[in-house]
Structure formats: structure tokens, C-alpha cells
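Read the structure below first, then the notes.
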């Protein structure tokens, strides 16, 4: 319900083309479409990018397919579906054209080639963090960002990370994914001059407490330029990374 | 110790102008200056911006003044000093030219007028969040960002926030500062298309647990495009906001 | 053991119609009926409403059916059974007439049409919160309240919530159900003048910590007129909403 | 910005009496008054009751007095000021007519006699809970509710509580205030048929953890009809109690 | 290795009947018997009572049976086995004579009638607490205490508890078992003059956090004469209750 | 309001000597005396012992003195006052005869020599635990128990504890007071056959978290016969220890 | 990338045998070998010992076998694989020669007899801690340390621990493994003069909170010379124990 | 009470030179000296090193001086006193010869030059960690270890740490002290082959939670060879570092 739409409606009211009551009603109903089990505007902000997003957890395969069909009917491309397990994906693939990545549980309906731009680096501490990494990477790619993957560069073997300093320093945004002690974000934060999005993962055991250790570690990072998203939230990091990566230049 | 410097040293070694041992020594000593109680490169990343930063808490006025003097000698301008209480500020002001904001406990040594660019909005839930807000705003300004302040627009009185939607939507970055339940970040995240940096504050009482309620709330924000910094970390948010605000455009 | 019953017994003692010892025994035994595995007065307070309640979790189907049969024998109608999974429901339905809602796991034995009164709005942030919502709504309805459902109106898409402001403002009580960051309660609390009962849900992941983030958020809500029940406690919210909804007017 | 005001503005636009742009501006500016350090509409909802509320913590005496003066100029009566310590109160009393209760740190500016109605019982477990109790009681009274105080009736001496059963059972709302193990709410919840608002307090030591023990206890209360507000939040409980107490009767 | 045994050994050394080295070896090896997977003295303290105890969790049926056989060979009676699930019990019963209670998962090998003495009351808040209650009750009985069970007397229906005041007041020890808000311990503590052992249970949901709410509640109980054991630790409570119940009188 | 008093009142009613209404009123008012700021029956249970108890924290010196005067008027002896700091004690001592122990902040008004009986051992891990120890010891002594103090016998120097095994084993109850890791309770629990009351203290630093480490340690003690009271709750432990110590013998 | 290698490369550059660019490339690529799903240098530090280590959790049997094959090809012996469950082990054993211990889930590929040296004692509180103990013991043995196992010597039966004092005191390092209250570390710490590595385990229930009670207990140990590793981290303790055990003597 | 002493006593008993009762008494009294407020054997283990240790917190200056005087009388040198604030130190210095370091609050009585041996590196993340660092360093030095200080080498400026790799790699033990995110331990752990003792500090703010973030981070360190001591426990780390540093070589 943006400013222009409000003004348009108000102008129609002034012109006598619309009653005030109708205008109020319009405000209330316009911006989403209700298909019973969902209101298909859940990721409105994404329309400005290059795809749509459906959160797959807690939805049945039938519901997911139904939403996708509506979106396809509206001309949707590269429709992102996150946290969809393999069984649901198989069922959805019966109904609509679907790319599916089992590791990250990400699906993309009606996938079409699109030019990728900019530079997002997704770096991970260990191999166990890969599902979260790929959720971030596939999300950013589906939205139009070029992604470089630097996996298994944890701080315990610093030379592996340092051997990729050049790639890190040429990024526009870095997504730093790490479980356990989450030190990767701090170390990368000290090496680059671009924004760093830290993703704590629940990988680990014992006093890891489901990702709490990495979360606290990243929030307390001593380096500057770092912010944090929820534990295991690869989608959120990939979405935000794309938003930053695709920013227009500053008109000074 | 960037790639070029390493290559230069290696070339000098090849040319016989430097022994290998000297090169190794060089690597180890170059990038910072040690004045005993501090190594003045603590915020190296900032040099690419438009100022320097000193974390004031846990340093004596004498130490702060000493570091500032070294920076001034090196031509420093708009040197930022955070978390410096009023007593220390008065003492530092004896030694060096100092602007000081008592609310946010931010000082700026050798403050000079500089052109501000872009658009950072700092929004707060209530008046008690102002010290954190101003730390963020003054930091971003010292680094060269134009800042709009939207204070006291908490979600309990939604009309106040909605009346500033236009300002929010024209921002390049929004810093959302809130204590108590921290809902401001989610609501703003649903209204804008730019990155949102959420800053939980320790404002509140009871089950607020020193900012934990706002922190968890912001990490779990249902809107996209939001990331979080540490509780009360206005400096971190302002620093990151400036970094994002001043990004160059994407060459697609 | 209310005042009148005590006085009656005391009068009977004074009249010599009852020994003191018998009176004491009476006090101890009257108010409930013991059928071995249960004392059927578990929800005495409900009798003042229009139904009875059985907490289904931790009871066998046989026990539930047994309690219902006793209640039916005593003329019970609209007997509410909460947290009863589908298997138990199927078994109970063999023994007694049963309405069952699989989503909320609520059963109603000997369901009869009753006039509904007043206005309770149950609002939810997302579709995953529906089981808790329906537990609240069915409970309030079984006790005699008219319920309006406003689902999937989370704060990330504020226009969906605002488009229902009129319904919210005409409610006598609002039950606000939300997981993740739980901001819905605060936002609704700022829009209405009636009591708001907030129900945090365990929906979410990562730093959600089983509903803790929404719980703390709601307890710290900056709006007034809000109180909170336990995580996922739809029954408690529906019960209390009915109690408030059906209050008699104030005789000033 | 209620529905009627929106419709009025729209009608004025239709009548050509107002431009669309002016209408939009009106929406944005009308509902609060900005006096620099505060936006005086912080407790808009209260206007429907019988007083105004200022949260005193984190405001200077000068700011409080300034807000009160504006409210008095607008005809305000019984203006409530919470969490104001004695020093501030003395300073405010220099500027405006002020009633002040040191125990609860509640002030009431321009206090006038008003008829009290209904029946709110405020019950406490121990004498240390009195500041929170009085904050609740004075709030409810300032808003027009008749309040009965039942203090020091904790469950460890059950006969003291039971000796007041009649008063409890005649209440329209009970506010149950308790620290330590917070059992008072459960026990009262089992004795009455009206809504119970539980207020955990931070009174206690050791594994009390600043009120956490009472908070968890109350959230897990086994009795029905109970909801909980934040730790030590007497104002919130008193405000909500008044709202429930003053409800109109149900038109069935 | 009690005082008498040490003295005996020392006397034997003095008498030249034992070398010092042998004595030291004796001290090290005497008090337990090692059968490989267990050292059968795990509950030495119990020998002073009337039975032996084996902690069944984490042991195989074969190991349990093996330990029991050794104990039987040594003349053991009423050998208690706790936390043994039904499958293990069936297997153990093949090898040794076994009484088994499926609800509490307690087994008793070579059960013999013994006179019970004193008076332990085990009281519970709800029916879901029964497994813990029975673990406590069967333990105390196996050790020689007479036990009275008062189940489902939670504080939400206070009259049920009050109707058993006489039984409570005639106890030598009360074991108060409750989940959720754990208020039962405080209320009973205010009614009796004997020691109360509180057992928090993990029964509940949401902010119960696996028994934490009841645990904190009981630790903060406002009544005197109460102490607490670990969550769900029925065995520990029953063991201690028996120890207190069977105390000898004070020789003043 | 014990059984006998109820029966007496009922008999009086039957005899026509009392109206039923009067009886009900009697039940409600009898058992405590209200002096405004306190209801002097706060520790009714203690009357069966040999003293009275006033919780001094959160009461003014005037209030404490007032309560003591009433108790003295009623013939009170050895009136215990806990958590009373030195300033209050000095003021109270102006008004009534007072013994005061500054270390434990325990006062005893109208202290008279009384025979002590039985055997309570209070053992502590370190010297910093002494205030809690003395609160326990003085409480038990004021109530009539003979107390042996074994201080500074922490498990890091096991020989010091073992050198007192005989004293430990001759106790009727042991109070084990320890901060830091709280291991003392487990070790003592393995050495004695009497009940052990464990008191965690907040002594320590870092991951001690205000006594949480010792509290959890003691709740998880691997030895049997141990129960726990609140952190730093010396009074509670001393009170319970006396209750157990003074138990009458079992009539088998 | 150790000093010598850097110097060698620099010397080669000086000698004209290597270009600076090649040297930089060398630094970046040398120290690990990338086989797609893993970078086989994950435990570089171990090469100085006598084996290699693969963390088995989160890797498929195929991946584990693949890594082992590469290591065997490079002449690897005693290759340690931790946290590998039995199914994976069976599959891996098809491909490479494998010793497997089901209790600790430790595998050793190409196991060869090697001389063991020094003295590491692994002590445990109870039998349930054995899997963690054996992970520690097998790790230390695979790396070349002689290990003595002292199992089931918990502090509740102190004589069992004391009977092994001599073995404890002859150790060069002690690994103290305990769940529940974790007191074993403190008691052992008081008995020996060598470093003690404490391993908290998640063994226990209730307020154990997944090993938190033992962890906090061990961090707060009152004895000196103790440090702690993560909950259940037998591998980490065994690795560190070997490192300390095999230290060279001090050249004073 | 070591093996030899026991054997000696036993031999004396056998020889008839000592009664068994006397032997038992001897065992109980020998190993410490009781001076009322302290038992001077609190740090017995230290005697094998080169100094004595007194924990200063919670002791009066008089008590500290008293203990030192006894130790001096027994020939003590380099007596370490930790956590002693400046006021106490001044008072103690009146009575005994005292070296005092105000930063770390460490005192050393009767300080004498001693040869230092081996190599302990104490590294810190930031300047705020210095008090903890110095407590560790002075402790290790007082006990005879040579200490190298590497301060302000936090991971945000990795080049500063890398420039000291050689010093790190030549250490026998590294003490890694860090607050905030505690990443220093992991990074150092990946660079060295010797044991690393990690000390989390409470330096930081917000979600640091008094050192919890660094503590969890260090416990979850992905590098091997690391163990952790309590938050801010510089003494514990220095003591253990010395113990490891001074280990004798392995006789293989």
C-alpha cells in the first residue's frame, strides 16, 4: 500500500470516481491474494529482485504446488522454495517444473538462466556447515547475484583461509557460515572492507547448545562491519547478501 | 599486509635488494605502530572511510589523548572516540580539540566539516534508546553518511511510524534501534526494500534480561533483509550502515 | 466448598441434625468424585460456563472415554478434550459421540448447538501457528463465545493486519498468537482498546529456543493492555478469553 | 487514526474541501503532538479511561513537568506518572500540583476525586511485594476502578488467604502479586471464577534469578483463567485490570 | 572402610598378624567386589536399610541379572532396580524372581514381606506425576517405610488437598511431587510440621523447560522445612524419606 | 486452624453457644494478629520449636523492633531475626535486648540459655562460605539443636575432610555448605548414613553464575540421601536440620 | 606454512629459481590436498604425533573410506576415525583394514603395533561415562601414550577412588571423566601434582541439562591444575593428554 | 597423608611403638596447621613448585598478613597472594615485605630472585584483558616459569598475531586470554603444537553475558590441543601453565 497508490485512490475519490467507503475497502484488500491456506504475497519484497520465495517447512506438498501454480500463472520465474525435504520435492516435481538441491533442501520452480552480477562470497568453517551455505548461495543466485564458494576454510587451519584472501577481498559482501566457536566471522571481518553477514550454525555438540556458542561469538565479534542472522538461517543471509550486493552506487 | 606488499617484498628479494630473513621480519612488523599501551592500527579498516576510531571504555584519559595526538600528528581528522564518559572527555579536551556528545558518550577529535552522502535512517522505539541511536548516528556521520533520525516511533503507536513511511522508504540503509520486545525491526523490515540493521538495547526491565528479549526477537524477525548486531552496539551499527550506504554501484 | 455450603452445614450442626465430626467429614469429601484414575472435578470452574474440559495428554483413550461417560451420565454437553491425538480420538469415538479437529487435537463430546455471544478475535502471525489458534478458538466457542479468526496477519506484511483493523477494534477480547519474534501482540495492543491475551508459540527455529523468543517479546510488549499465557497454550487463552468476553456489565 | 477520521478526511477530499496531498499529510501528523523530547500521545489508549500516563524512568524532572504542563493545558486530570523516584517527584511538585506515593514511586498530577466502580482485588504474597502492589492499585484507582487490597496472604500460611475467600470471590478481576515461588496465582486461580492477572516480582534471592522463578511458575500455573505480565510490572497489571473491570456487559 | 575396620586392621598389624603392606592393600581392595562391568557396592549405604539398589538405566538386562544373581548369592532380599524399562524387566525376570511395576519402571528382585513402619506421605499435583510418585513410594516401601499415597491433590483445586490435611499432618515425612508450577510443595510446607521433600517433575509444556519451572519454584518456596531433589528423582526422594522416617528418637 | 479448633467451634455451634456466622468469622480471623505492616504469624510452624523467626531483609529497624516487642509481650524467647544488617541491628538493640552476629547477620532477641540436644554438623568448603554456615548454625542452635562446626574442609584437600569422618558419622543431620563446584555434598553423602542438607552458596566467580554451578552440582549429586535448599539459604537449612534432628523415634 | 618453508621459498625467489607470483601461489596451495568433499589436512598437527585423525560424524562411509585410502597411499598408519557409528564402520571395513570399537565409536585404520610411552590415567565417575572414556583412551593410545583405565571410581564411594591413589599419583596426566555433578575432577585435582584434564559428560537427567551441571562444576573446581574440554569431548581430552604426556623435559 | 606416612605409622603400630587409636588420630591431624581463621595448607600442591599461594578475596588484610607471617616463619619465599585489592595490599605491606602489582591485584611476599626456565607465552586479544593476563603471567613467573607476553594480538587484526608466529611456535605452553568472541584460542590452537590453555574473560558488553560468549566459544574451539579454565581465572591458567612447562621429559 505505497504512497502512490494511496494518492491515486484519494484522487479518484476527489474526482467522484470512487466513494470514500470503497477507497477504504480497497486499502484493505488490494495487496495480497488469498487462496485459503495461504495469502500469496508472503515475500512481496522479493518482486523487486528476480524471484519469489516460499517457505516450505510446515506446508504440504499440495499446498506448495498450489502456490507455485498460481505464481506460474502470474508469469513467475525462478520461484524459490526453502526448507523442503526430499519427499515433498518429489511430489511437487510431479506438478510443476522443479530444480531441487537435496543438500540444502532448496527448490527452484521454473528455473531460467539469468545473468548474475556482482560478487557474493559464501565462506564456511567446515564441511558440516554446507547445507546452510548452499541455502545461502542458491538463494543469492536465484535472486541474481554471482556467488563464490569458499568451503572448509575454518580458522583452525588458517593457511587455507589466507590462501583465499584475494577472493575474499574482491567480494562486495561476504556470508560467513560457521558452527562450533564461530570464529570465522571475526577473522574474515578483520581481512575485508565489505559488509560481512555472519550465520551461526547448530553444527557441533556439547556446550554448543544448538548454535548458541557460535551465535554469541558472532554477536561479540571484535572486528567491525559484521552483523548476524538467526542460527542456520542461510536463506536470510543469502537474501540480504543479494540486497546489499545489488545496491546502486551512491550519488554523492 | 596486502597482496601487493607481499609481491613487492618478494620482488625485492629476487632482485637481491632484500634478504629473505629481512622480508620475513618486514612482514611481521610493518602494519602497526606500537606505543606501549596500544598498537595504533586498531581500526585499520576505517582508514578507507573518513575517520579513525578509538574505543574509549577501559582506557584512561591519558591513553586516549596519547593515541589521538599520534593520530593528529599523522594528519588525522574526525577521529572518533566511543564509550568515553564525561570525566574522561573533559580531561581529553584539555589536550586535544574535541567535540563531545554526552548523551551517546561519543567524542570526535579534530572535527572538520565534510560532505555527507547517501541516506541512513536511524529509527528508535522509545526515548530511552536515544544514547544508542546517537552513537550509531554520530558514527555514521563521522564516517561520511547523511543521517535522518526517526525517534520514538515504536510499534505500540503504529501511526507515528506509518507517518514516516516515505522517509523510511527513501533510505539506503535503516538502523532500527529498540529495547523491550524489539518489534520495530520486524515492522520496518516489512516496509522497506533496503538492508535493515537491528540494534537490540538493554532498555526495559524484568524479563528483558539486559536486552536478551529484544535480541532474540530481532534474530527471529519474520521479515527479510534484517541482520542484527550486539546489544547496545550503536557504534557497530553505524559503522556497518556507513559501509553499506557508501557502496559503489554494481557493474552488471 | 463455598461459603453457603459451609454455613448450611454449620446450621445443620446447630440444629442438631449433623454431628461436628460428620460436618468435618463432609467438608473433606463433597466436592469431587473419585473414579480411581481420576477425580472428576478437574475443571470445576468450567461448570459456570457451558462445558467441561478434559486434558487429553497423558491419559489413555480408555481413561478419557471413562471420564466422558461419567460426565454424560451427569447430563454433560459440549465436553471439551484437549491435546488428544488422532489415535486416541478414534478410540474414544468408538465409545461416545465425538467431534474431533485433527489440526488442534481438540475433541468435543456430545456437541450440541448453543447460542454464541460477544466477540473474541483470534489473530495469528503465520500459518504454522494454526494448531494453537484453533485450540484457542474451539475452546472459546465450546464455552459459548463467538469467535472471529484472523490468520496469517503477521507484522512483516503490515497491510494485511491493517486491512482488518475494523474487526480488531470491534472485538471484546483479542487472542494474539505468534511464534518467531512475537511482535504481533505489541502491534495489535497498539491498535485496540480491549484486553489482549498473547500466546507465544514454539514455531520457528534457531534462536527461537522453543518459543522463548516470542515469550520474552510478549512479556516485554511496549503496548498496554496485554497479558501472556504459556507457550503454545491455546486452551488457556481461549478459556480466559471466554471468561472476559462473557463478563457482565459494571454496575457503576 | 481511527476509521471515522479516515472516512471524514476522504469525504472532505471528495467534497473538494481538501487535496489528496493534504489528506495524506494529515494522516501523518494528526495523532500526536511533538514537543521535542517527547511525542505526547504515548498512552493514547488511556484517554478512553479516566487519566493519562507518563513513564517516569529515564525522563528528567524537567521533561516530566513539561509533559504534564501540556496535558494540564489540554484539560488533563489524574495524570499518572510511574517509576518516578522521590527526587524527581520533589522537583516536579515545584512546577505542577502533584500527589506522590513514595512506596510505589507513582505520582498523580492534578488529582481530582472521581467515582470508583467495580471491584479489583490486589493480593500479595508478602510485604516485600508492596511496591509492585501499590503501583497496580494506584494505577487502577487513577483509571476509575475500586480496589481492595489483600496483602501478606502468601500460600505458606494458607489460613490467611482462606479467611479472605469471600472478598476474592466477589472480585471482577484479581491481580495476584508474588515473588519467590509465585504459587499465589495458582491458588487464587483455583478459588475464583473471574480473570486473574499474575504479576511475578523480583523479590527473593538465590535461585530466584531476578523474578524468573515466579515468572515461570505463573506461566505454568495449573489453574485456568490466569495470564501473566512482566516481572514487577504493577502498572501493566493495574491498567489491564481496570480495562477488564470496566467492561460493558455482553449483549447476548 | 569404617572406623572399626581400620582399627581392627591396625590391631592385627600390632599383633603381628598382618604386615603393614597387607593392611594397606586391604584398605584398597576390601569394600567392593568387581565383576567386570560393575563394582557391586554401588549403594553400600542401603545395606543399613532393608534392601539393595541397582540403577537400571544404561545397563543391559544381562548386566542387571548378573548383579542380582551375585546379590542373591549373598543372601539379598528386596533388591531394588530403578529406571528399568519393560523389555529389560521381561528379560531379567527370565533369570531371577522379579516383581515389576511398569508405571514407575521399578523392579524388586526376591521380594519378601517385611514389616513397614512409620509414616511417609507421597502427594502429587496431577495424574501425570504418578510415575515419579510411584518410584518414590516403592523405594520407601522396599526400604521398610509405610507409605500413604495422596495423588491428584494439586493446588488449583485446593479443597481436595485440604480434605486430606489430617493425613498430611500425621506424616513423619512428606514427599511432595509436582510439575508445572510446583506450588504443591509450598502449600504443603505451610500445613505440616514435619520435613517436606519436594520433587519437581518434567511434566508440563512450553515455559516448563523440562522441569525447570517446578525446580525453581520449589527452591524458592516461601514455607520453611522444605528441601528439593533433582527433577523426576523419585528414587532419591523415597530413599531420603525412608532415612528420615526411620530415624531414632533424640536422647535429650 | 487445626482440626481440633474446627471441631471445638463446631461443637460450640451445636451447643447453641455460637452462631454459624460467628464461627465462620472466627475461622477467618483467629490465627494471626495484624499490626498494620505485618501479620505476626509469619513463622507459625516455629512455635512448636523453641523460638520465633523474623525475616529482616526488606523491613525497617522500626518494624522489626515493633514485631519483637509484640512477641516479647506475648512471652517470646530466643526470637530469631535473619538477614539484618549491622545498622538495623544497632537500632533494634536500642529498643529490645538483642544478641547480634555480624558475620551471619543473625540477631536473637531475648536470648536465654536453653538445653541443646542431638547432633547437627555444619560443614563448609571454604572460609568464604562462613556467613551462610553461621546462619544455619545459629538458626539450628536457637531452635534447640546442638551444632558441630567443620569449616574449611573442601574436597581439594581431602585429608582435612577425612580427618573428621568420625564427627560426620556421629551426626544425626549434616548441613553441607559449599560454593564453587559444590562437590562437598556428594563426598559427604558418600561418607554418612544420615540425611544431608546441601546449601549451595554464591561464593565464586566467572562461570559460577551466582551460585548456579554449586546448585546444579548438588541437585545432581551421585550420592544418595541428599536434598538441596536455595542458594545461600542458611536459615532454611538450619531450620530443616533442627526439625530432622529433633524427630521422635519411630514406634515400629 | 611454517617459517622454514617461507624462508626456503624466499631463498628460491632470490636465487631466481622461482618467480614472486609462483611463490605467492605456492603459499596459497601447498599445505593441503583437495579431494572435492574434503581437504586432507584437517588434523595437520597430528602428523607430529603418530597417527592421523578423521572426524566421522557428518561424513558418509564413502567419504571416510576415500580419505583413508588417500592417507594409506601416503603411507599412513594408525589413522584415527572418531564418532563413526557401527553401520558406517562396517561399510568402511569393506574398503580398508579397520579396527573398530563400538562402545566409543572409534575406528583405527591400518592399525600397527607401536611402542607406548609415559603414563596417562583415564578415570571415570560411573559406568555410563565409558564411551567418552574409551574415546579418550583409544585416542591417546593411537597417538603413542600408555594409558591406565580407572573406571567407576566416583566420589560417592570415596574408598574406591582412594584405593587407586598410587596409580593416580604416578600419572603424568590424568583425564577425569564425569557426568552428573562432576565432582571427580576436584577430588582428583586435590590428590595429584600433574595436569588434570576434566571432561564433563552428558550422563544424568533432570537438572543435568545435557552436561551443563558437570561442565560448570569442573570450571569452578576448587582444586588447582585442572582445565576443561567440551562436554563428551573424549577425543579432545585424549589428544591433549598425549600432547602433554609426550612433552620433552625442560632444559633449565 | 601419603602412602609412605601411612606405612610408617602402620610399622610403628606393628612395632608396638604406637597404639592403633593414636595412629588413627595421627592420620586425622597431621597434614595441616590450623590458625583459627585458616588452615594453612590451602595450596599444598604448590609446595612442589617454588612458592605458596593465598587467595586474597574474602580475607581481611590482617588475616592475609597473619598467614604470610606463619609462612615466613616456616621459611617461605615468593608467597603469592591473588585477588588482593590495593587497600589490603597497603595494609599487608605494613607487616611483611611485599611486592604488589595493582593491575592484576597480585602480591608476592618475600620476593627473591629465582632462575626462570622453559617458555610460557601469555597472549591476549585486547588491552582490556591485561589484568587477567598479568595474573597468569605473574603466577607462572612466581612458580619458576619464563614468560613471554604477547598482548593486543586479537584476531580482528590478524597480521599482528601472525607477526609473532615464531614466538608462539617456540613456546612449551600458550595461555590464550580473550573476551568478547574468544576466537584467539582457536586461531592460536591452529598455529602451535604445544598445549593451549584458554582463559575466557568477562571483557565485553551486551550478549557477552559476563564472559559466557568467550567461554562457550573456547569450549567449542575447532582446533585441537586446547583446554579451558574458568572465566577471568588468570591464576588457574598460570598455575597449570607452569605445571606443564616444568614437566620432566618422557622416558620412552
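When the chains are written out, they are named A, B, C, D, E, F, G and H in that same order, and each has its own residue count from 1.
Following the convention adopted for this analysis, a contact is a pair of C-beta atoms (placed from the backbone, for glycine too) under 8 Å apart; a residue touches a chain by one contact, two chains touch by 3 or more.
The structure displayed is predicted, hence computed values, not measured ones.
Engineer: Based on CA centres, what chain would you say lies at the far end from chain F?
Structural biologist: A
Engineer: Could you work out how far the Cα centre of chain B sits from that of chain H, in whole Å?
Structural biologist: Roughly 38 Å separates the two chain centres.
Engineer: Taking each chain's centre as the mean position of its Cα atoms, how many Å separate chain G from chain H?
Structural biologist: So the centroids are 25 Å from each other.
Engineer: Could you check chain C for residues that touch two or more other chains and list them?
Structural biologist: Within chain C, the residues that touch at least two other chains are 3, 157, 190, 206-209, 212, 215, 219-220, 223-224, 230-231.
Engineer: Go ahead and list every pair of chains that touch.
Structural biologist: A-B, A-C, A-D, A-G, A-H, B-C, B-D, B-G, B-H, C-D, C-E, C-F, D-E, D-F, E-F, E-G, E-H, F-G, F-H, G-H
Engineer: Can you list the chain E residues touching chain D in their complex?
Structural biologist: Its residues touching chain D are 125-126, 154-158, 179-183, 185-187, 189-191, 204, 206-209, 212-214, 216-224.
Engineer: Mind pulling up the chain B residues that touch chain A in the complex?
Structural biologist: Those residues of chain B that touch chain A are 2-3, 43, 45-46, 48, 53, 115, 117-118, 165-166, 169, 172, 190, 193-195, 197, 215, 219-220, 223-231, 236-237, 239-240, 243-252.
Engineer: Can you check the complex and tell me which residues of chain C touch chain A?
Structural biologist: Per the touch definition, chain C meets chain A at residues 127-128, 152, 157, 159-160, 162-164, 203, 205-209.
Engineer: Can you list the residues on chain B that touch chain G in the complex?
Structural biologist: Listed in rising order, the residues are 3, 6-7, 10-11, 13-14, 16, 19-21, 23-24.
Engineer: Which residues of chain B touch chain H once you look at their complex with the stated criterion?
Structural biologist: 1, 27-29, 31-32, 37-39, 41-42, 44, 57-59, 200, 202, 210-212, 215, 230-233
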